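Each of the two complexes below includes chain A, the first together with chain B, the second together with chain C.
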Partner chain A sequence: MALKFAFYLAAGCAGCEMALVDLADRLIDALGDLEIVFWAPTVADIKYKDLEAMPDKSIDIALVDGAIRLSEQEHIVKVLRKKAKILVAFGACAAMGGIPGLANLHTKDEIFETVYFNTYSTDNPDGVVPQTKCVVDGKYELTLPEFWNEVKALHQVVDVDYFVGGCPPHHEHVAKIVEAIVSGNLPPKGSWITDGKSVCDVCPRNPANKGETRETVKEVKRTIEGIPDEERCLLQQGYLCFGPITQGDCGASCPKVNIPCRGCGGPLPGVKDFGARAIASLASILEDSAVDQLMEKYPSLAKLFYRYSLPVATINKRR
Partner chain B sequence: MSEEWEPNIIVIACNWCTYQAADLAGSLRYSYPPTVKVVRVPCSGRVEPEFVLEALINGADGVLIGGCHPGDCHYKEGNYKALRRFKLLHKLLTELGIEPERVRLEWIGGSEGLKFAEVMKEFDATIRKLGPNPLKR
Partner chain C sequence: MPKIGVYICHCGENIAGAVNIEEVKKFAEQLPDVVVVRDYLFMCSDPGQEIIKEDIRKGLVDRVVVAACTPRTHEPIFRKACEDAGLNKYYFEMANIRDQCSWAHWHEKEKATEKAKQLIAAAVAKARLLEPLEDRYVELNKDVLVIGGGIAGIFAALDLANAGFKVYLVEKSPSIGGNMAKLDKTFPTNDCSACILTPLMVEVANHPNITLYTYSEVESVEGTVGNFKVKVRKKQTYVDWEKCTGCGACLNVCPPKARVPDEFNEGLSLRGAIYIPFPQAVPKKAVIDPDACIRCSGRWFGEEPRRTKDGKPILAPCEKVCPTGACSRDEPRDPNGEIIELNVGAIIVATGYRVMDKKHFKEFAPDSPNVITALQMERLISATGPTEGKLIVPSDIPKYLEWKRKIEKGKEAKLDVRKPKVITFVSCVGSRDERFHTYCSKVCCMYMLKQAMLLKEKYPDLDIYIFFIDVRTPGKDFDEYYMRCRKLGVKIIKGKVGGVQRLPDERLLVRGYDADLGKPVELISDIVVLATAIEPNTDLKDLARKLGINVGAEGFLRERHTKLYPVDTMTEGIFICGCAQGPKDIPDSVAQAKAAAASAMSLLAPGKMKVEPLVSEVNPEKCTGCGICAPLCPYGAIEYVEIDGKRRAKINEAICKGCGVCAAACPSKAITLHGFTYEQVLAQIRTIARKGVIEEV
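Let's turn to the complex of A and B:
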């Protein structure tokens, strides 16, 4: 019997859904085993009320991509949690808060101020900001969801059975996950679905894999400075790479195209706070002067170290 | 702020220096505030940034890392690593809205019992001025 499958996009960009669609013919093969009962708002025309009417635990597996920012998203994931036997936080936003989670460095007022008044392209002479309710023509009441004060990862709102890293997850990794779902060969609940290797482990530049020794780093460079050597470890060249502390299910996608890892794959097991571990990792390899340089060159360390994980950090928003 | 609020200060002290200094302060009867709780580690280089975050999230109003003076670390460069970590962590915490004065790094040698007592008094006063940790408010 086909597995009943649901996919929901919360506060994300739908890139994670693209990663599934990227499986192309392999997805079509898998569709023989999957019955799509809900995929909103991107793919299937199934309404929230249809989802709400489904019997509890009638969906075999539900994937959520995107973080939780609005009351609507919170409501839908709570409904999904009831309807689904297995709920997966799929991709960096759902698993860790992701890029939208960086908004936790700003208050709701600051965000509204920027978005509705201060951007170059904004023309808002009447100073209109979204209201959760408004009445049109004296009789039609229109509503918008509430914008919460902070962004949360999925497990901070409902119980989550599995976590998948990546922004988006690499399609080869997605293929393995689909296979695991279809065959029922899933790890213990509550875990990340990962090979457990670091990005460095799978990186062709890794000095350890080439019999080279790691040197301390004298100079820090931002990615906009110069063009990195294509072969050497990026960290060794001074480009801050988080490969040592990140799950490498992407197969070191970024270092392979000359870009340092920023941690979207999720923390290696044992890493409780990604930013704190990034500091520990960099402080071990950078020389004193390189640390000073890093602090001069990067205007925001929080946005660098918690690029994908601020909502799940120990201190998860600006106080 | 409630009237009975007393600061909760965590000092993560290197066994070879700051911890000895705390001991010495005790035996020489240099008094320091009872708000200070000392945790012993083998070297300031052992202090993971995660320790400081954990202390803060669990309600510490101030965290001080005490290490050997530059050049005096028993493991040669643990304290230099501690300083590199501290600089980054300190800036990060400031960005997250934690007042910079709440988290501190000091070099206090094993014979500096008086310095230990003085630093603790001063730190306690600073924390009293700042009030409770904003993560608790």
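Let's turn to the complex of A and C:
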């Protein structure tokens, strides 16, 4: 019997869904084992009320991509939790808050101020900001979901059975996950679905993989400075690569194309606060002069270290 | 479930005077897993320890928390008590409620009590998570490196060598002997410095257990106690020491243009570019100073010689006179010298001192040749000095040397030099002076008295004045020495010299203040001797950095503990002695050198050493081979091994010192520092963050 499968896009970009579609023929093969009962708002023509009408625990597995930003998203994931046997936080946003989570460095008022008043392209002479309710033509009451004060990861709203990192998850990794789902060969609940090894572990640039000893970092460069050597470890060259701290299920995709890892894969097992661990590791490997450079060159370090994980950090929002 | 006993020490009034023991006891009793709480006047005393042992023996407790003083001094005592009673000694944790509570908050007793509770709660939280560990033993290399070949280094080396230890003695100058070799006589016995020093220097050179590296410097030091790897640079001598017999034929032929101030005579005379530091040098070998050498034959080492018309090679004078060909220019020589690698178990640092230069003291007319430092005076009156010990004013030394040169060549010459009639000593020049050094250089009072006494005994007509701030002569036979000096007629003036003025006839006008008269005084002196401060050598800081030992505010090496560990450093296996540790006289330097040698012996004699198991360990399952940890380890203890085709970090526990740098940096938390695991430390922090409430595990 085919597994009943649901997919929901919360505050995300649908990139994670693209990663699933990227499986191409392998997805078609898998579809024999999967029955899609809900895939909104991107793929299936299905309404929220249809989901709400489903019996509890009738969905075998539900994937959520995107963070929780709006009341609507919170409502749907709560419904989904009730209806699904297994709920997966799929991708960096659902698992850690992701890029949208960086909004937690600002208050809701600041965000509205920027988006609805201050950007160059804003044309808002009446000073309209989103309202949860408005009446049109004196008789039609329209509603909008509420914009919460902070962005949350999925598990901060509902219980989550599995976490998958990546922005988006690498399609090879997705293939393994689909296979695991279909075969029922899943790890204990609450865990990340990962090899548990770092990007460095699979990175051809890692000095340790070449039998060399890593050196301390003497200089810090931003990616806009020069073109990195294509062979040498990016961190050794001074480009802040988070490969040592990040799950390497991506197969070191970014370092392989000369881009430093930014940590979308999520922290290694046992690490709770990605940014704090990144600071501890980098502060150790950077020489004092390089630390000074780091402070000088990156005006907002929190946005670098917590690019994908601010909402789940120990200090996770502006109050 | 662990059974934790909490033992609270009153430390007499030290703790109980500010911390309410009864209140803390009640608090501790309600902490999770705590089964026994006891207090005692002095927990570290025999009966105090017995309380703990008794509870362990009876099976009442299997974890021990002592709330007392600092673990730095007392942790070993209590660990031992646990061990003696049959409990693994790493089931022990300490809360420092003396230094951190009663001492720090003596006047805020309630807060001190509250803090004591929280620290005890944190210790209990950690104790619940403690794991049993076993001590381990590491093999020790029994060879010793002694750095510095002065009197301290010589004694340290000889004591070790006589006890059967192999010693490498490294000295940066071409000869051992140090500053003591420059002294004429030594206080308080006035025996000849060279007479007592030279036999020791020879003994060092001939000792089968001592390998001597002179004209050498320590380049780098790696490793730790029992296993130091030291690179020593043997500087280029430009003379083949295998061939040089120390005959000295080359010394006189070196041309006047190549002559530079002689270090051994403290600049009072000149030496050639090729030189032997002093007549009793050990080893007695010549070196060429490449900065002074003017390349007489127009050729440097390894270059083709220029030739005369009839094709004979043109040789440099030193090359020509050398009977053994030791300074032949035929072979090229590496200006960087040679690197020697040594493996030793312990290191003794005895690099000595230098005296401050007179140029710092503008008020004392430093440009006058007749204003000299006391060490220069020492050379002036020494039989091996520039004048062979004949007392003349230093401004006439060039005349004397010229006369001597003529006489040596068999020419007739008349010696026309001035003999001093008045000599003035100025004490505390640069010492006890806020502008330079606040410390007392300790030996100046005595050596000024000594020089005055020697001069007065030899030349009774001399007028000698010594200006003192205080006469400091504590020490065996020292004050008697001072009284003897006074009786000889040396004029001791209590007061400071404000200035010295150079007169046209090269005499000096000394202006001072006589505190006994309560008046300014003036006198005209032929020589002014400045007792300039003893300073650490310029490169001592650099050496300390290489060794990883500490330097105090004044630049001298810092001992581990002023009273209890005076020759140890914070780095185990490295000992210090002599003036590198601080100004001191010869008896003190020798005593310290012997102490350092004895400390090194007692460390190395067993051949192995017990090491605490508080080291880091890599979990190869969690290690992802990122390589971050390897360059961070200050001891080079991390290597990579292949596990299942992947390179994983591995820590050599014999080398690891448990600093925890790797554990803090590990991105995947694969490294555990035993005794300070993440769980243990976080439990402590969380408990304090919750104001003493322990989180359920």
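Following the convention adopted for this analysis, the second predicted complex is superposed on the first by the 319 of 319 C-alpha atoms of A that agree within 3 Å, B and C clash if a C-alpha of one lies under 4 Å from a C-alpha of the other, contacts with A are read in each partner's own complex, and residues count from 1 in each chain.
Going forward, a residue touches a chain if its C-beta (ideal position, glycine included) is under 8 Å from a C-beta of that chain, and two chains touch if they have at least 3 such contacts.
Everything numeric in this text was worked out from a predicted model, so none of it was measured.
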- Message: If we overlay the two complexes on their shared chain A, which of chain B and chain C does A:Lys85 touch? Say first, second, both or neither.
- Response: neither
- Item | Partner chain in contact with A:Lys297 - chain B first, chain C second, else both or neither | neither
- Message: Let me test your reading of the model: by the given contact rule, A:Leu268 touches which partner, first (chain B), second (chain C), both or neither?
- Response: second
- In the overlay, answer first, second, both or neither for which of chain B and chain C A:Ala280 touches. both
- Of the two partner chains, chain B (first) and chain C (second), which one does A:Arg222 touch, if any: first, second, both, or neither? neither
- In the overlay, answer first, second, both or neither for which of chain B and chain C A:Lys176 touches. neither
- Task: Please write out, lowest number first, the residues of chain A touched by both chain B and chain C across the two complexes.
- Result: 277, 280, 283-284
- As the complex stands, chain C meets chain A at residues 622, 624-628, 630-632, 640, 646-647, 661, 664-669
- Item | Touch list for chain A against partner chain B, complex | 105, 272-273, 275-277, 279-280, 282-284, 286, 288, 291-292, 294-295, 300-302, 305, 314-315, 317-319
- Message: With touch defined as at the start, can you tell me which chain A residues reach chain C in the complex?
- Response: 196-198, 200-201, 206-209, 211, 213-216, 243-245, 248, 268-271, 277-278, 280-281, 283-285
- Task: Enumerate the contact residues on chain B facing chain A in the complex.
- Result: 48-50, 52-54, 56-57, 80-81, 83-85, 87-89, 91-93, 95-98, 134-135, 137
